[in-house]
Structures are given as C-alpha cells and as structure tokens.
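First, the structure itself, so that you have it in front of you.
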Amino acid sequence: MENILWPHIQRLKTSVPLIHNITNYVVMNNTANALLAAGASPIMAHAQSEIEDMVNICQALVVNIGTLDEYWSTSMINAAKKANELSKPWVLDPVGAGATSYRNEIIAKLLELKPTIIRANASEIMALAKATNIATKGVDSTAESDEAIEAATSLQKEFGAVICISGETDIIIGKDQKLSLKNGNALMAKVTGMGCSASALTAAFAAILENKFEATVAAMALIGVCGEIAAKSSSGPGSLQLTLLDKLYNITEEEFRSHLKIGE
Amino acid sequence: MENILWPHIQRLKTSVPLIHNITNYVVMNNTANALLAAGASPIMAHAQSEIEDMVNICQALVVNIGTLDEYWSTSMINAAKKANELSKPWVLDPVGAGATSYRNEIIAKLLELKPTIIRANASEIMALAKATNIATKGVDSTAESDEAIEAATSLQKEFGAVICISGETDIIIGKDQKLSLKNGNALMAKVTGMGCSASALTAAFAAILENKFEATVAAMALIGVCGEIAAKSSSGPGSLQLTLLDKLYNITEEEFRSHLKIGE
Amino acid sequence: MENILWPHIQRLKTSVPLIHNITNYVVMNNTANALLAAGASPIMAHAQSEIEDMVNICQALVVNIGTLDEYWSTSMINAAKKANELSKPWVLDPVGAGATSYRNEIIAKLLELKPTIIRANASEIMALAKATNIATKGVDSTAESDEAIEAATSLQKEFGAVICISGETDIIIGKDQKLSLKNGNALMAKVTGMGCSASALTAAFAAILENKFEATVAAMALIGVCGEIAAKSSSGPGSLQLTLLDKLYNITEEEFRSHLKIGE
C-alpha cells in the first residue's frame, strides 16, 4: 500500500476531478480550499432546482450533514439518489450523529441509499450503528475504539460502504480489509472542519480510483501527513489552518514517504 | 477582579463546555475556531426539527442575528425559549440592530425572552433601546458613548441582562455594577466577526460561571488582550485573524496579567 | 488611466462606502474581509423581509449566485430591482453560469434587470451570452479568449453593463472602451473566492466613482497587484489567502505603481 499512495496523490493533481459538496456552512471555505490545494475542483451547491444537474456534471459527491435542515436534507437525499443512478461515488460525513433524533432520522435515510464511503469519528460511527438498529454485541468491557471498530464492521457489512473511523489513529475498514494510519497531530482537533476536509478529499480520490478502499486510505494518509508536518511549523490552531492548505499544495514525495505511518 | 479572571480562563480549558451557536454565515468558521482555541466545544445548528434538542445538550446558547431570515428567526426564538425553560444562559448578539425594521422586530421578540447577556457595539445598543421604546433621557449634549451607556443601563434594568458595549473601550454593565476594559487594537475592526467571536466566548464563560457579570468580563478581557498581543505581530487584518486564534490557544498567565487594563 | 487609479484606491479608504452583498456561503468571510481591508464596509443580508431596506442604506450592491436557491434568487431579484429604482450601482457575479439550466434561468432574469457591471471568468461570460440567446458569430477558429471577448462585447451592447472577463489577463469592456490588466499570479486560482472578492471590490469602487469603467479597472488592478505581491511571499494557497488581505490593507503607492501592468 505504501508504494501506491504517492502515485494516487500525484494523479489527483493531473485529473482535477470535479467534486460536488453538499456540506455545512462552517467549513465550506476550508473544504473548497483543501480540494483546490490537493488538486481537485470544488462545486458547492444545494438548490433543489439544480441538485440533480450538479451531480450529473461532477465526478463524486460529498454529503455532510453538519448544518442540515429540512430543505437541505431533501437536497442531500435527492443528490445521493442521483449519484447512485449515475453510479458515481458518494461520501457520507454524518456530523453530529446521535446528537438529535432528527439527525438520526436523516442519517437512516441516507444510509439506505448506500453511501460508497462513510467517514466519521468513533462516537459518530457508534451512533450510526445505533440509529440503524444494527446489532452490536454490546461487549461491556471493551475500549471505546473496539466498540467503534465493531460498529464500523457491522456498518460495512450491512451497507457495503468503506468505513473510516478517524481519530488519533484512523482506521479504514473495507470488505475483508482493514488498515490503520497513525499520522496527524493533536492540534488538528483544535481547528474546525478537519474531518470535513478529510471527507471531501476522500470523495476526490474516490472520483479517480476504482478501488474505494485505496481511495479512502490515500485521502486520510494525505491529510494526516500534511497535518502532522504543518502542525510542527504552526504556533497554534490559527496558523495550522493555513499551513495545512500550503502543505496539501506543496508536499513532496520525500516528505510524504518519510512521514507515512501505516499499521494493520 | 484582576485576580479571578485568569483562573476562569484556565477553567474554560478544563471544562470544555458545549456551546450552541445560531449565528451568521459570515463568521461561523471563525466563531467555531475561537471557541475551540479558548477551550470550548462548538455546535452550529439551526434546523427547526432539532433546535430544542440541541439546546438540551449544550451548556450555553448564542443567538447572533447577523444573517437572519424568517426561518432562522423562528429557530432563534424557539432556542431562546428552550434555553429559558432549562435555565441555561444565552447571549444575544443583535448584529445590525437598527438597520431595518424587520431586524428591530425580531430583536424586540428576542429581548422579551430576556437574554442572560447582550453584547453589541454602541450604535447597536442604542438601536436596541429605541426598538423597545425604552425611554432615554435624550440628553443632547452628551457624547455617543454616554448615550450608549445610558441605553445599556436602561436595557439592564428593563430586561435584567448583563450588557456589554464593545468598542475601543469595552463597557460591561450589570445590576449595580459597571467595569471597563481598555484592551484591543484598532486593527481588530478591520477583521469581520471579532464581535461575534467575543459573543461566543461570552457564552462559553457564562456556561461555566454562575456570575454572569464576571463571565462577560472574562470573555471580553480574554479576546481584548489576545487581540492586542496578536495585532503587534500581524502585518495586517489577514494575519491578525489567525494570530488571534493562535493567541487564544497559547496565551500565558504572564502575558494576560501584564496586558490587562481594567478601569471603572 | 495609470495616474487616476491610485487616487481612487486612496479615496475608497476615506469614503468607506457601505456595500451590500448577497453572495455565496463559501466566500462570505473572505469577501467581507477583502472589503474591510480595502476600506469599504460590508453588509451581508438576504432576508426577503428586509432586502429592500438593506439596499436602501447601502451605496452599492453585489449579487453573486454561487450558492443560490429558490429563496435567495427571489431576494437577489428584489434587491436588484430596488437598486435600479434607487439608481444605485449593482454588480452581477454569475458564478457557475452554464452549469445548470436553473442557474441560467436565474441569470437571464438578473440580466433583464441590467446590472451596472458584470464580472466573471471567460467560460461564464460565454455561458451568459448563450443563456440569453445573444447571437455570437460562432467563429470556429478563434481561441477561447477571443470567443469570450466577442460574447462580452455583445453583452455590453445588449445590456449596457461594463463587462470584466477575469483570468490570467483581465479584460474590461465598456461602451467603446477596452482595457486589459496583466497582474495576478497563478496561485490565486488555488484559493476559492478570489473572483468573488474582485466582484465585491468592483462594487466598492462603483459606489464612489461615477465612471463605472474606471471603477471596474480600479478594483481589478487593486486585487491583481495585491495578489501578485502577496503570492511572492506566500508558501501556498493557505498563506496567500491572508497575505492578500494584509496587502489590500497596507499596499503603498510605490508598490502599486511599480507592479501595475495595463495593456490595451
């Protein structure tokens, strides 16, 4: 896996896939900039009058429910349906899963539409499993990360999606595949929208790679390595936000390979 | 007062209160980042289908009307009602008060719901007093700042809220209490959303402190001192935006105490 | 033309015109900051209940359709009508023109309201001409830039607006007038919303200058020169975003004059 990731990252810059984002207000600017810096081309649009047309011209779709409401939820569902109809990959970022019953209800509808990839943190992944009544063993003595992995594995089997649990260690789970990435830096948790950028990058790689497990690994490896390098030259979360964009734009093969930490 | 502020700032980082923001599109990213940098945890959500549930899980609420519309106004009002029902503090930031009659109408409805704290600039505070027909003496020879203080004092009495008039000097008015802060830098006025970040930080301190006057002073002192220090190392408003976030994250007790300028 | 631009730039800082922006979610923060840095004062508002009142208090209006929907489109149309009624200049930024039939339909309605200035990239300008069935010669051997200039010239004649085609070279077309600007840097294309900031600055200059051709040139020259200087001290698109704001704020006459590249 180590050897194929850098070529994928290079290919993103030459392919310039068009990525349609239905995402939250808080992170739209950063997400668009992260996609541009890494080589993709962002669209941000949500109008019900054009949502299918936008999916029609993009190469991949991101549905991020961070600031959802009744209108946007309909757009999200219609966009996901259209992506399926056109066999285009789409990534679900279930921000705040479990926080409210409304959020869980919309998530359940989106899961029924079988996202290609789901990226979320551990607590959101566990909330997804609960929201869809997927049976988990209910082992009471395991650590939270074990419970999240169990939930992710169940979600993978039920919906067929590649699942990424992001956190200090990112865990990517595909059909009979599992891999972990130990890049990143704790300062990244102090900048809003890092996960949202990761989801958008995942869609960008999914747009250019047949293998969606590899696409997810490439995206998470890229943002993890870039964030780790950027954090070292940042004096706080404000500067990290921009040094990360700079690094997504100018990372070299040497930097990427020397920092990458893949585990099982 | 000088001696209790730093412990409050420290406590914010260890308490990590969850702050629910119904705020304007322009500043959502900065506001979330300011909360994170100072130690709080932001939620941004506005859907009528979940607004009460979000208030239910937060420790304090911010209602910022900057980019209000008919849908969002209803969410704001419902959220404020729920916050009152649950006795949770909520901060009103009446952006653009006085600019349009629609804005004044919504503000009047929000004031009836008795915000815990109101933070605004002098002209907004004066517009609030007019929008609610609070009698002001109409002294015609006083400076604008005197008129704003008079308006703020009337608002404090009428609605029971702590009032903060922010500007070159920040003036905080509570029941039989008044204090001024002379920190900050003129460059801060060239960055959008500084006041909005101040309101969000006020909510964060209100979430962890019983004394809402102290909470308001702590928030305004923190952002004022951090902005002042950050401005010195900024070459313009672009860099100030990020150096402020860095400083909110890494300010030391020595820096805070040596810069703080409290007046009567 | 060279000699009148700097005085215009200076005048913006002393006039502080109020610019009303109905713009897209992605760029609201940057746009507000670009206006502030250059000396203008931004309003961002979209509620149908106050849109005419906001136009009433501003000196110029920007309509940017980037993240339009059915509600916002109505606000845009109502705002443009009100601007016309009050003889206030308004700038149309037709983001994504040609991408969907819905977008084209709204653009056609906005063009009927005769924007004072239209700023867009070459492909959007060509889409505008198509959306409004303006006959173009359909010369099949010309370069894309020639086709865009032809479309812009037709749009200028049909609707009377000053047209700016922005790109590596910015081309500004007025009634019997044409001028090009060769400032800028390729890195600017890697930051979202540069064009949107340019449109907002165009409105700012249109607010203070009777001659709307000059206003458009002043805005494009300012952002082009600032972007060019800022890119030299940026290590990527993240830092460019903030160094551009710094430079809009602190550019000197010497810097501006020595970098400005005007062509025919």
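In order of appearance the chains are A, B and C, and numbering begins at 1 in each one.
To be clear about the criterion, contacts are C-beta pairs under 8 Å (C-beta built on N, C-alpha and C of every residue); 3 or more make two chains touch, one makes a residue touch a chain.
For reference, the UniProt names are A, B, C = Hydroxyethylthiazole kinase.
Only a predicted model underlies this, so the values are computations on that prediction, with no experimental measurement involved.
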Homomeric contact chain A-chain C: same or different residue positions, threshold half: different
Chain B on chain C, rotation in degrees - Cα superposition, rounded to nearest 5: 120
Whole-Å gap between the CA centroids of chain A and chain C: 33
Multi-chain contact residues (two or more partners), chain A: 25, 29, 241-242
Chain B contact footprint on chain A (complex, rising order): 24-27, 29-30, 66-70, 96, 99-103, 189-193, 234-239, 241-242
Footprint of chain B on chain C - complex, ascending: 25, 28-29, 32-33, 36-37, 42-50, 53-54, 57, 71, 241-250
